[in-house]
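Please find the structures below.
Both complexes shown next keep chain A, but they swap its partner, so chain B is in the first and chain C is in the second.
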Partner chain A sequence: MVTAKMIRYNISESFNLVRWCLTIIAFAFACVVSVAKYIQISDMTAITFSSLEITYLILNDTVSIIYIYLPLYLFLICGIMFDDNFGSLEVIKCQSRGKWLVGKWVTLLFYTLLFFVALFTLNFLISDQVFPFSASWSSDFLKVQVTMGQSARNFIYTPFQTIGLSLGSVFSLYLAVGMLSMVFSLLTHKEAYALFLSLIIGILTSAVFVYVLDFTSQMSVASFAWRNGILFASMVLTFIGALWITYKRDFNIERKE
Partner chain B sequence: MIRNLMKLGVLAAVTGFSLNFASQTINEMVIAVHKREKTIADAIIKQQVQEMLKEAEKEIEKVQEETKIEIKQEEVAIKPPLPQKPKKDKPKEEKVEEEKVEQVEVAEVQDEMIIEESEQTEVTVDGAATDANLDMTTYYALTKEDITYIGEYLVDHYFLFGYEYYQAETDPVRYARKKLASDMEDHVIGSIGDSLTLLRDMKSLNSATLTPLAENAHLLAAQFKETYKDVSSQGEEFARIYESVNSFMDTYLATLNKAEETFKMLEETTNKALVLPMLLKSMNQDLLPSVKDVLNEGFDLKEQTNKIYIEGLEADFLITPEEVMDIIENPYSILPNKVPPTTPNEPNTVVLEEEIQPPVTTTSKPAESDVLKESEVGHATHEEATNLQSEETLESEGN
Partner chain C sequence: MRWFITDFKRGLSERSFLGAIALGILSLALGLAYYVYGQDTYTADQAFIVSQSFAMPFIAPLLASMVYSNMNMLEKDSGYRNLLILKHKGKNYTLKRWFVNNILSGIALFIPMLMLYGVCSLFSPYVQQEEIVGVMLLGFLFGFVYGSFAYSLTFVNRKRYIPIVTPQVLYLLFIYAFPYLNLEKFYPPLSFSPWLMRTHVDMQLISLELFIILGVSGVLVLGSMLYRRGETLWLQRK
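Take a look at the complex of A and B:
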């Protein structure tokens, strides 16, 4: 089994302070811009949402998902597959290529979780400064969503359930794209190429999910379930592909490029 | 281990700094929002939004009845801004206060000078609509008859109907001049008539409805330019009217173009949840100032044409654009046997429709204002003027 020690080693080796600092600053900036927009909307139209709903709207915005947060995420995780010249020794220590890959995947999962926790927390904290927290739906949010085409039946569930599912879907999407990035890293051996390729594929994939499959539109549990199902299936296939590449690859001592 | 802890420390510091900076920025925005004075645009937007959301409310209630599940809802409002730390630099504050006092004094002196100058020269129409501070609560209690009365009053005392004046004119020279002015004004009335109809129902507004409007306005503007390009030969005042109409049409077309662009942008937006708020924000920021510019151009044009309509007449009944806006701001000043609603009218708040009390009708007349006195005198003078003309007509026919 992959040991906790190996995972801890992976996490500490691939943690890039500069990238994370830049990401946090970008989160804060994007959040301020988004919250400012909702403050203006509230001031001019007297439509006010709760802090949870604002966070949901910010994190569910199609432009943000595809063009802001996804590039930041790929920028953060593209270095996971690359080690310094001890990479091949790491494979030997894991005693199995499969275990090595699982260790990398667990690291990816950890960073994706951390990314979303930081993203959600920052956005929620800043939104909560202005908009009140509520465990129920705000009446304005309900009416606006129904006016924009949502079925009123989707609001039978609590905000935590609905918004949690939506964030979970975005998480799954990003994880799936992150796994694709792992595959490109295995194929290209170069961080810059892997980042570039995964960025293009990631944006295209997100665009398909958002615009073709209406990823961010419907809030029903059923629609979340089938979208996440597609993403889970794609993740399994990607992992199998990555495993095949890992077993075929010659592990030489190589530096991060 | 130590290295990792240091990295975490640096990351925590960056996160804290980013949060703090974001918090201060947001707080300043909330302060600005709380300080902003509400205008008539806010009340209109709020009313329109509430009407649009009423249908959603019905659908929600219907779903609750069908599923027999209560959808919990809660009214929320923006939190007040965080208290700001007091400034420590007191000597600078005193200097700032002194400067402010000096500036206020200078501004007051300048205002007095401006008032004196304006009394000596003709009354200008710039800013008559721009500075209007209207309150929707004033109009909630008005009946259709009240609005008709106000409309007729404004037509009799400012928005003179050119057709009536040239029809009543007996002197052939003045008749031709008044008819020409009226014909020129009709192009403007023709171009804005459809806009006024559309504005009554904001829901129907979209780029498809605005496009034919803009095309029609373009056509009328081009026809006017071509038809009256030599009107300056009729007199300097007609040249001024020609310029005013062209200026009005340019401003009006620019406003229509802005509106078209706004609606096209909204129709292309991907986040449909933001369509309504973006529309209303754009209307408030871009379109309403342009509409006020159109109104100001309209006043400018009306001043030119009114001068021609009242040739040969006593013009005491005519009021100024500022007085027109005063009446629109406070229609009760001219309504007989009417008093304003008893709901207090705070400048920075908007009173909800449900909170407005019905007007209190009393048997005794309200105290007469100067405007009311002027309107009675003006109206009588206007009627005397038309009677005088009809008497002259009868005399001339008798002779």
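Take a look at the complex of A and C:
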């Protein structure tokens, strides 16, 4: 079994304060810009959105999700696979290559959870400074969304539930791309290659879900299940591939790249 | 002086320099193709303006950063840096490398535009020649400044890809953000191609923007030089 000590060691080794600080600053900046955008829209349409509605709009903005948050996420996690001088010693300490890989995967899961908690919290806090709080959808907001082509069925759940479903889908996508980044790290042993290759695949995957498999973008339990099912299957295959590479890999005591 | 010339020649022969020029030419060629297929009659001025403001303003920082900015990191990793320091009789070559890097970054953006200028002159004689030459020189200055910024980042991190990617990432982030923050006059691509938003062009603000970036990078470079000198003196005393 992978022990809590192994996980704690992995987290302490891979935690980079500078990267996390830059990420939080980037979140805050992107959120302030998004809120400014919706203030302009609010002024033009004479509609007052609630803070949860603004948070929903920000977290469903495809441009932000794909071109701002995804690169930030990959930048945060791409250092997980690179150890500081231990390499093969860590594998020996873990007693098996499989346990070593599972330890890395659990670390990735932890960072991804932390990333999304920070993402939602910061966006909601900043939106709440400007817009009033309401736990239900306003009729004006629903009219605007339907006018823009959204189905009214997307809003049968409460804002918290809808945001939760939406974030859950994005979480699965990011986790799948993070696992790919781990595989590329194992193959190339270069952080830059792992980051850029997984970023390109992440962008292409998002495009496929939005334009080709658009039935998975609806806010329904069925669409949620489809999308996450596909991503879960890809994660399992990625993990099997990573395990195979780990067992074939020749571990050396080498410097962090 | 000889070191400048040697380092300059070395930079000119780097693959990254040639790659930056190739990408610059490709982006301008795309713009020119867009212009040619969209028009029935062609003029040199319009051809140059449309081609230069099509794609290159949005990748210019990457082209400027990739030329020679992280060479000192490669030299440090390979151990070549020690030989260079010996060659300089123990003195730091940081400032000299800064100037060479900035000039090469400027040239990497200038050469594709010069080639475009030559190609567009085949359509018709130039009417706005002064304006166009001014924008080409602005492009050189843009490369000079962003190359400097990329070089300064090599002193505050250990990953070789960060100095190349960071200027471009920040540039794109500000391109996304500034219109929503009513900062159109500071729209970053205007400092490379003022034709993008003629109504918002203010040369004083563009100069200020470039000056701030150069100033920040200069402070980082000088600060790291002083820090290393202080560190060396402290180690020697110890």
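Convention: the second predicted complex is superposed on the first by the 252 of 257 C-alpha atoms of A that agree within 3 Å, B and C clash if a C-alpha of one lies under 4 Å from a C-alpha of the other, contacts with A are read in each partner's own complex, and residues count from 1 in each chain.
Quick note on the criterion: contacts are C-beta pairs under 8 Å (C-beta built on N, C-alpha and C of every residue); 3 or more make two chains touch, one makes a residue touch a chain.
Bear in mind that the values here come from a model prediction, so they are computed numbers and not experimental data.
Peer 1: Going by the contact rule stated at the top, is it chain B or chain C that touches a larger number of residues on chain A?
Peer 2: B
Peer 1: Could you tell me if A:I68 is touching chain B, chain C, both of them or neither one (first, second, both, neither)?
Peer 2: Touch status of A:I68: second partner only.
Peer 1: Answer with first, second, both or neither: which of chain B and chain C does A:S136 touch in the superposed model?
Peer 2: The answer is first: A:S136 touches chain B but not chain C.
Peer 1: Between chain B (first) and chain C (second), which does A:I201 come into contact with in this model arrangement: first, second, both, or neither?
Peer 2: A:I201: touches no partner chain.
Peer 1: Once the shared chain is lined up, is A:A192 touching chain B (first), chain C (second), both, or neither of them?
Peer 2: In the superposition, A:A192 contacts chain C only.
Peer 1: Report for A:A36: first if it touches chain B alone, second if chain C alone, otherwise both or neither.
Peer 2: Both partners, chain B and chain C.
Peer 1: Starting from the residues of chain A touching chain B, keep only those that also touch chain C in the other complex, and list them.
Peer 2: Of chain A, residues 29, 36, 40, 63 contact chain B in one complex and chain C in the other.
Peer 1: In the complex of these two chains, what residues of chain A are touching chain B?
Peer 2: My answer: residues 12, 15, 17, 20-21, 24-25, 27-29, 31-32, 35-36, 39-50, 57, 61-63, 118, 122, 125-126, 129-132, 134, 136-140, 142-149, 151-153, 155-156, 158, 211.
Peer 1: In their shared complex, at which residues does chain B touch chain A?
Peer 2: Within the complex, chain B touches chain A at residues 4, 7, 10-11, 14-15, 18-19, 21-23, 25-27, 29-30, 33, 36, 42, 45-46, 49-50, 52-53, 55-57, 59-60, 62-64, 67, 69, 71-79, 82, 270-277, 280-281, 284.
Peer 1: If you look only at chain A, which of its residues touch chain C in the complex?
Peer 2: Contacts found on chain A: 26, 29-30, 33-34, 36-37, 40, 63, 67-68, 71, 191-192, 195.
Peer 1: Please output the residues of chain C touching chain A within their complex, sorted ascending.
Peer 2: Chain C residues touching chain A: 159-161, 169, 172-173, 176-177, 180-181.
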